[in-house]
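Next come two complexes, and both contain subunit A; in the first it sits with subunit B, in the second with subunit C.
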Partner chain A sequence: MIVLARRLAQLVAVVLAVTFLAFTAMNTLGDPLFNVVGFVAAVDCDAVVAGEIEDISSQGGTTLGDCVVVAEAREEFHLNEPLPIRYGRWVGDLIRGDFGTSFKNRIPVSTVLADRLPKSLLLMGMAEVFAVALSVPWAIAAAYRANRAMDRASTIGAFGMLALPNFALGVILFYFFVVKWQIFPSRFEDDNLALRLKSLVLPALTLGMPLAATYFRLLRTDLITTLQEDFVVMAKAKGLSNRWIMFRHALRPSLFSMVTVFGLNTAALIGGALIVEQVFSIPGLGRALVEASIRDDYPVVLGATVVIATGFVIINFAVDLAYSYLDPRVRRES
Partner chain B sequence: MDTPPQVDPAEQFGVVVARRLGFGFWIAAAWIIIIVTAAALAPWLPIADPNETGVGGRMDGPGWSNWFGTDSNGRDMFARTIWGARVSLIVGFFSVLLGICVGGTLGMIAGYFRGIVDRIISFSVFVLLAYPGLVLALLIVGLAGQTLPIVAMTLGIVAIAPIARLSRATTLAYSEREFVAAARVLGATDRRIMVRELLPNVLIPMGALTLLGMAITIVAEGGLAFLGLSVEEGFSWGKMIVLGSSPRTLREGPWVAMFPIGAMFVTVLALNFAGDRLREYFDVRELGIGAA
Partner chain C sequence: MATPLLSVTDLQVGFATERGLLRAVDGVSFDLAEGQTLGIVGESGSGKSVTAKTLMNLLPSYARVEGSVMFDGRDVRAMAAERERHFWGVEMTMVFQDPMTSLNPVKKVGEQIAESLRVHLKRSRREARDDAGDLLQQVGIPEPKKRLTQYPHELSGGLRQRVVIAMALACSPRLLIADEPTTALDVTVQKHILDLLDELREERGMAMILITHDLGVVKGRADQIMVMYAGRTMEQADTATLFSEMRHPYTEALLETIPRVDMASHSRLVPIPGSPPDAVDLGQGCPFAERCRYCSASCLIDQPSLEQHRQGHACACHAPVGTDAGAAAHAANHETGVTPAGLDMGTFATAVGEKT
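== the complex of A and B ==
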């Protein structure tokens, strides 16, 4: 129980720290006002009111009216308050479930997230399914006859796979399957579930194949080690079939490092999804984040940051729980 | 499982019989040297001007006059691939250098002094790691601008956290050792112990990490390019791949994207392989003389 409470406190602390960093960075490096009112934001309004800057509105310059717009926008988005207070206000709103309003079109950020997040989750979920479906049988086959031709070829293949950046793999797959053979659609089609799944096959493969190579390497090594354990010899002596030994005795204790890496890899997966969404023009959360950060639309950036950081910490928490399921020794210790 | 899986007996008993880098390492090293030399000497090599249009026809395939073909503006892709290596390698090298200088130092301080300093640094590292590096880089470059120094610095900042973690772990392990205790008994200052006793030991795993880190940052720079956030002036391999990957360019001249992809793939492969071999080579624990 205490462990759980500590982990939860840690989770909250990390999310707060990450969002505070993002909040400060957005406000010091970018000019949020610029995106609300445009170029007028750069005008020194105090000087205009004092009459120090000439009113050159006829040549597309500044007017007192523009300054009123700027002042109103400042008021509306609370931009004239000090930074810590604004951050506090933002956290308060967040706790009540209010993510704020996007500077662009004034859409609620929660609407943007609700629209974009499911697509990204579907993409990442499919990628993980592909990765596991590819790597587990592949690793079992390789470890079954370790150091034979097939094992060696797979090991080299996995090493090469890891050196191919995901965007490069995406471009290669796009070239063959979309441009040359025209098997898959060139953009994301959202009309029904079947189409959605079909347009996500290539992106998910792009994301999943390097992942499969990582899982393969770990599982293969662990399986080979496990197969040399005494209990495997014992099982063999009892006359159990190879298949039974592999699946019922060796596989579960070998999944350990794969599960660890599943947690650690989430960051890479999210970063990869960002790029893959860009390569295959999928309107997911990553694309929303890219667009928003270029526009300094910080309510959206912060909303996406909260979702990503929280998801990441929760997954690692779940991985810790999975340990105790896979390895009874961990369960007894805690 | 008809025969028990064959495992290297050396591996099994934790003894490495012979320490050799192997043939593959030298091939990888040779490729790295070639690509670095070509990038460094690009202005003096007898290749076309990478920005000159109309060197060949539009979208000429690979051939004798233009080895890697030409793009839609008739620019020579071979020259561009060599020039693209400059930006990619500069970003890769300097970001890892920054990461090692800052992250390595922070990790050593945390691992050596422990206590509250360690807590603060470890929590900061944890926060940095709790956020996908690429997203962090995207935020910084998106806000601070797309110049070469900023891109390199940003990827360096992203590299700080994992490097600090490794350096802290290594320092923790070594500061328990007898030679550190001996130095302390002899009255050495903290600073002297850190620089003279610990640093040489921490630098060894870092050295291998440099090559692996360069591979990661070269790829990360390409990722930024796909987000439209690579260097604005000039071009890297990543930016070349982006330019070549529009459906139209892919249809008319796939080589425009494929040659930079190939160059990046082979270079990353070589860096990964050489880095892996170096790490194994310098891993004293495998020799059986390190801490158990």
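== the complex of A and C ==
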């Protein structure tokens, strides 16, 4: 219970810190109104409305009417108020479950998130399933044959997979499996779960392969270390088979580094798969976030930030739980 | 004597290194009868652990092994670990030096004992668990039922070594190899563990190889003793003979390094000068010559072979302790103050004054 409360406090602190930074940056570095009223916002409308500038023909064709729209929009989005108050207002809305409204098309941010997040989560999940399914057996096979031909070839292969950029791998897969052999659909199809899964296979592979290479490297190294431990020698002296020793003795204590990196990667994937989402035309959270950032659509950016920060905290909590499952000595300390 | 349980003949183990072949074990032979204890004594690097690992098939695949190892008429070296599922761990098992590291930190003690029973004796999970509790009882662990569900880090060093022993004994082996089983433990616990091993051996009629660097440990416990140095057998005899008619200077030197009850309470112990030789480059003489106060000129060029001067007592030395040759070599070295190998005889003077 105390652990849970501490986690919750941590979540609140992280979300507040991250969103405050994002809020400040989005409002000082860009002009949110640009999306609502177009280029007019660049004109010194305050002066126009106040009658200080009479001749607005020098202002690039902007009319008094445009400036009135700007003034109204400012009023509507509370842009006239000082930054801390606006941030406070945003937080207050958030607590009531209101993420605000996107500047683009005036869609509620919660609708955007509800539409985008499931797709991103599914993509993330599939990518991690592929990565783990590939890396664990691979690492086990290589650790048995440490420094022999298969192990060395694997290491080179893993570095290759890491070095190949995401978009390059994505484009290659896209070319063969979509364009040439037409096995997979060219864009995300949302009609039913089977179709959704099918259209996410290639993007998940694109994301999963470099992850698999990372996990492979970590697990292989840790397994080789564990296999030299005294308790493994003892297990051999007890006449246990290699398979028994691997799965019941060596694997579990070797998973630490992999689980740590797994957690960090998974959290990063929630909103960080934008390149792959772009290549495979998936309307995921990553793309929404990038598009919103470019348009200074800060309600969407902040909403996505809240989701991603929450994801980070939850996954980190899960990783800590995994630690205590993996090693009973951790359980004692916490 | 009937056919021995274990018979090792001319065992050689080498490892190829960048500098050449490292001879870890060089021509070791011994027989061990059912229910008997053999003590293998020597410093670090003397080849005693490698010998044990050879018997247990625990050497890395690049080790070069020659010689024969017969266990109850079966050729151990011809057995392949993956086929011979129920030999190691069942007929022959081993206890290691450090109980802190030889237990898996993430598995419950009970599971670690029970797994041998499940794998080798095909016990069910329940049966194996009950048997594991009985084994813990036998090795003198209080509240065995509770201990089964504990993790190794919840137990003390002494208890852990008892758990390791219980693990080794799970399938009632006929031979137990104990490699420095008490070195990592508190002095107060050492005797308990050694006595426990001895009791269990007695009860079960099991044979035991007790490996140690401490002659004192094997004194009352081993039937036979083999003293090893640089991979070779220096002296081999039954225990009583060895202690009463010790012949090899190395055995004598080893004995002087351990405190004895019959010595005056503040007598200084004599360390053996120098350190064991490089096993890659042993040269042609006796490997101990550099550190020996009985060293003569021939020791530096001619390696003494292991010879039986009488039934059951063999020694590899040109100038054995207690012989005329030995006395003469020692007197000559005392005269010049330095051995032919260049060792200052004064090194020995500090402790046992009358000897040098």
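One rule holds for everything that comes next: the second predicted complex is superposed on the first by the 301 of 334 C-alpha atoms of A that agree within 3 Å, B and C clash if a C-alpha of one lies under 4 Å from a C-alpha of the other, contacts with A are read in each partner's own complex, and residues count from 1 in each chain.
In the analysis below, contacts are C-beta pairs under 8 Å (C-beta built on N, C-alpha and C of every residue); 3 or more make two chains touch, one makes a residue touch a chain.
None of the values given here were measured: they were computed from a predicted structure.
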Which superposed partner A:215 touches (first subunit B, second subunit C, both, neither): neither
Subunit B versus subunit C as contact partner of A:224, first or second or both or neither: first
Which of subunit B and subunit C A:308 touches, first, second, both or neither: first
First, second, both or neither for A:18, with subunit B first and subunit C second: first
Which partner reaches more residues of subunit A (counting touched residues only), subunit B or subunit C: B
Touching partner for A:138 - first (subunit B), second (subunit C), both, neither: neither
First (subunit B), second (subunit C), both or neither touched by A:188: neither
First, second, both or neither for A:262, with subunit B first and subunit C second: neither
Which superposed partner A:242 touches (first subunit B, second subunit C, both, neither): both
Contact residues of subunit A, present in both the subunit B and the subunit C interface: 242
Residue numbers on subunit A that touch subunit B, as the complex places them: 13-14, 17-18, 21-22, 25-26, 29-30, 143-147, 159-160, 162-168, 171-172, 174-175, 178-179, 186, 224, 227-228, 242, 245-246, 267-268, 270-271, 274-275, 278-279, 289-290, 293-294, 296, 301, 305, 308-309, 312-313
In the complex, subunit C residues that touch subunit A: 56-58, 81-82, 85-90, 93-94, 96, 98, 101-107, 115-116, 119-120, 151, 153, 164, 167-168, 170
Residues of subunit A touching subunit C in the complex: 229-231, 233-242, 244, 248-249, 252-253, 326-329, 332
Contacting residues of subunit B [partner subunit A, same complex]: 1, 4-7, 123, 126-127, 129-135, 138-140, 142-144, 215, 219, 222-223, 226-229, 238, 241, 244-245, 247, 250-251, 254, 257-258, 261, 264-265, 268-269, 272-273
